[in-house]
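What follows is a single structure, written as structure tokens, with notes after it.
Chain IDs A, B and C follow the sequence of writing; residue 1 opens each chain.
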Amino acid sequence: MTSQLFFQYLVAGITYGSIYAIVAIGFNIIYNTTGIINFAQGEFVMLGGMLAISLHSMLPLPLAIGLAVLITMLIGALIEIIFIRWLKSPSILRMIIITIGISILIREAALHVWGEGVRSLPYFNGNEITTIQLWGTNISPQVLWVISVCSIIVLLLSIFFKYTSLGQEMRACAANRLAATLCGISTKNMVTFSFMLSAGIGALAGCVVSPITYTQYDSGTGLAIKGFTVAVLGGLGNSMAAVAAGILLGIIEAFSVSVVPLAFQDAISIALLLLILFIRPHGLFGSKEAAGLKDF
Amino acid sequence: MTLLDIKNVNKHFGGLQAVSDVSFAVRKGMIKSVIGPNGAGKTTLFNLISGNLPLGSGTIFFEDRPIHGLRPYQIARQGISRTFQNIKLFPGMTALENVMLGRHTRSRSGFMAGMVPFPATRREENEIKTKSYELLELLEIRQFAQVEATSLAFGQQRAVEFARALASEPQLLLLDEPAAGLNIYETAEIARLITKIQSHGITVLLVEHDMSLVMDISDEIVVLSFGQKIAEDTPSAIQLNKEVIEIYLGGADA
Amino acid sequence: MKAGKYIPVALLALVLIGIQQLTQMTGTVYYLTQMTMTAYYALLVIGLCLVMGYAGQISLGHAGFFAIGGYTSAVLTTYNLTPLLEKGNVLISFMQASGVLVTRQSLYGQTLLSVHPWPACIVALILATAIAFLIGIPVLKLKGHYLAMATLGFGIIIYRVALASEIFGQADGISAVPGFVLLPDLIVSGDFNNRVQNYYIACSTLIIGFLLLQNLIDSRVGRALRAIHGSEEAANAMGVNTTRYKLYTFVLSAVFAALAGILLTHYNGGIGPSEAGIMKSVRYVAIVAIGGMANLWGALTMAAILNFLSLRGMFGSYDDAVFGSILIIIMLFAPNGLLRLPIWQFFKKSPAGK
């Protein structure tokens, strides 16, 4: 493998990896406040992309993306209010089935609105053949968009959770729901907000990656399962570890192309998920003790 | 003859030493109780014996066979049966079915026999049923046989749980706080049932918080405090033991 | 006293015969095609019902086992071994000598040499059993979300492998699968002349499967399974090897799924990757949920109604959306299944009260 090819794979890996990381963080945000794994997480990414593509036909790109993110956040909030808010201590099995149902409905709705075709946003700078030179390799400026937007999301989220009072309240909810309620925090609103937040970041990631990966009504499922792989790899609930895990999975996937046919790529990363679940269900970075405390 | 022999058993959770170097033996046919204030390590010790927690160090022998390191279902097969502090009956199953499940270790039919029941399997099923009815009779709850177990009154649920535990014809019955959640009348009733069980030749080891129950029925008592055994004697001697009195009064002070 | 539980099954058999007679009289025999397919899908669903309702384990990968059965049988019975035989392959010659191979004419008059459906079926079942064991041992140690994701992951891997492998026909799947000659005059195939016969083959298979499971649930094993569902800790303390029981149940249901896959593949004359898709797995889970989880009759009825409607195209292009909505509505408002809604108790109790 030439060093140039190596670098190309590496960049591709980091690009896809950052998207997986964002999906994983979306899982974590909802998991931390509710203990639910939202199986519809990947659909938020798809919705963000699709909405932005449709809106772009009448609006300039930044506005279309902004609006798409807002609408997706609204949908996220609605999902929580309609399907989840009023359930009293539902079993995990019930929540899994409900969120799977939601993901199917979003996917089918997308199928009927946008059809089966593959769509995409235009490249933010230039077009598909525009490249810039970086360390002797040609890469698309969109790759830089993806990586930097994802980095900014991660940065803003960590500031949000550390320094804003809303973020702190959400963390309090995650740490101890009952205690948070007793301190006067409206845990129900926190849950709604966590759905909005993870819908929002998912949608934004869906927009920046759309020019590279294209968007299709059913692109959410694959993203969801890879995002989950990453979330588990990093230890469920641990968002910083998810970034590292996301990039790791992205790179493994990118380099696997040189060994296994592309068609099997998904099977490879899912096999990896199974392997992790079997060997280290508490994640690469998580501790076994802490994992034992949470009821899965 | 020693039935259960616990030697130098240790268990710690992180920095907390829950059970510290505890040793005692349970002789065949007796009722032995483990008491102690909250957090003394009673329940931990109990879970170590039943295999629900892995042993830190030490040994546990049952009929001179080591049982430490075995899984709960393997320990059950050795002839040790248990009940739970917060009664764990199977929801959606009748009292009778709960007791029938207790016969699991005494019956054999597997998946194939279950799907295609030959006469031998049906015979076994009938045996299980007869035996289970006998136990419901023994514990005076036969009239509830067809009632969903979890819908019974608390004291009756206890009795069903006893019947379920006895269905495996155990040598040793482990009772985890059998009086928990019961009023004084129900507690007296349970005490009577426990002695009745003993009279059928079954050895009983119980962990209990309720002093009245323990003092009335036990042959021997082990007192735990902060994970350590501080006394082991007959009920009358324990009642006079200064250290024990101090712990219980000191516990009341705090 | 056990005879009582066979009466509803006997009634079911009568109803199934009645339906066939009715289609004969009204000239709507074509319905039998979808009913035959429905029966095979129902076979899978009742197996899944055992895993979900009685052993309490979710599986989002059962379409995978269906596909393993179907694809294995399809490949073995269609793969032309003539070139290998001509090359002098010892194994193939041995197989031919021992009678597990058959020759038939392709549509283009070419002579094909392939494995007889019976040995193919047995190989497929053994393969499904083996895979269920291998996957089940680690997977069933997981709980909740992890179990759901792991089984989902397994399903997707099977789907991707089917889609990506040349031997499985990629997106086109495998077609021209021959009929399955069970006995000289009993053939599982989509041939119009065999329609009534196949309806009865499918219904009998389903009823036998149903009886086996019904007996199982009523047995010592079934009691242990329900106990595991109720309290795994207590079941374990009563001497039930919970790990092994969950595993065996999983494997048993995988065998049911694989058998359904094998028979339906021969009936349809082919199989495609969509049979392994996630939506199929989710659909089976939905049907078990609607039937009330731990309710074999519920699963059977719902599998019959919903699959039939779906196969008749009643839901149009909203097929998946319908199953998605059903799934959500049931889980929101009737998590114990349609048949256990409080409204039924109201009907049951009011006359008794007076």
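FYI, a residue touches a chain if its C-beta (ideal position, glycine included) is under 8 Å from a C-beta of that chain, and two chains touch if they have at least 3 such contacts.
Everything numeric in this text was worked out from a predicted model, so none of it was measured.
K.L.:
When you average C-alpha coordinates per chain, which one falls nearest the overall C-alpha average? Tell me, please.
P.N.:
C
K.L.:
Measuring centre to centre with C-alpha atoms, which chain is farthest from chain C?
P.N.:
Checked the centroid distances; the maximum from chain C is B.
K.L.:
Roughly how far is chain A from chain B, going centre to centre by Cα mean, in whole Å?
P.N.:
Each chain's C-alpha centroid was found; their separation is 49 Å.
K.L.:
If you average the CA atoms of chain A and of chain C, how far apart do the two points sit, in angstrom?
P.N.:
Taking the average C-alpha coordinate of chain A and of chain C, the gap between them is 34 Å.
K.L.:
Can you give the whole-Å distance between the Cα centres of chain B and chain C?
P.N.:
43
K.L.:
What does chain C use to touch chain B in their complex?
P.N.:
2, 212-213, 215-216, 218-224, 226-227, 229-231, 233-242, 248, 252, 294
K.L.:
Flag every residue of chain C that touches chain A in the complex, lowest number first.
P.N.:
58, 60, 138-139, 141-146, 148-150, 152-154, 156-157, 160-161, 163-164, 278-279, 282, 285-286, 289, 317-318, 320-321, 323-325, 327-328, 331-332, 335
K.L.:
Show me the residue ranges of chain A that touch chain C in the complex, using the header's touch definition.
P.N.:
Contact set of chain A toward chain C: 37, 39, 83, 87, 90-94, 96-98, 100-105, 107-109, 112, 221, 225, 228, 232, 261, 263-264, 266-267, 270-271, 273-274, 277-278, 281, 295-296.
K.L.:
Considering the complex alone, what residue numbers of chain B touch chain C?
P.N.:
Checking each residue of chain B against chain C gives 50, 52, 71-73, 76-77, 81-82, 84, 88-93, 97, 100-102, 104-105, 107, 109-111, 113-117, 121-122, 124-125, 128, 164-165, 168.
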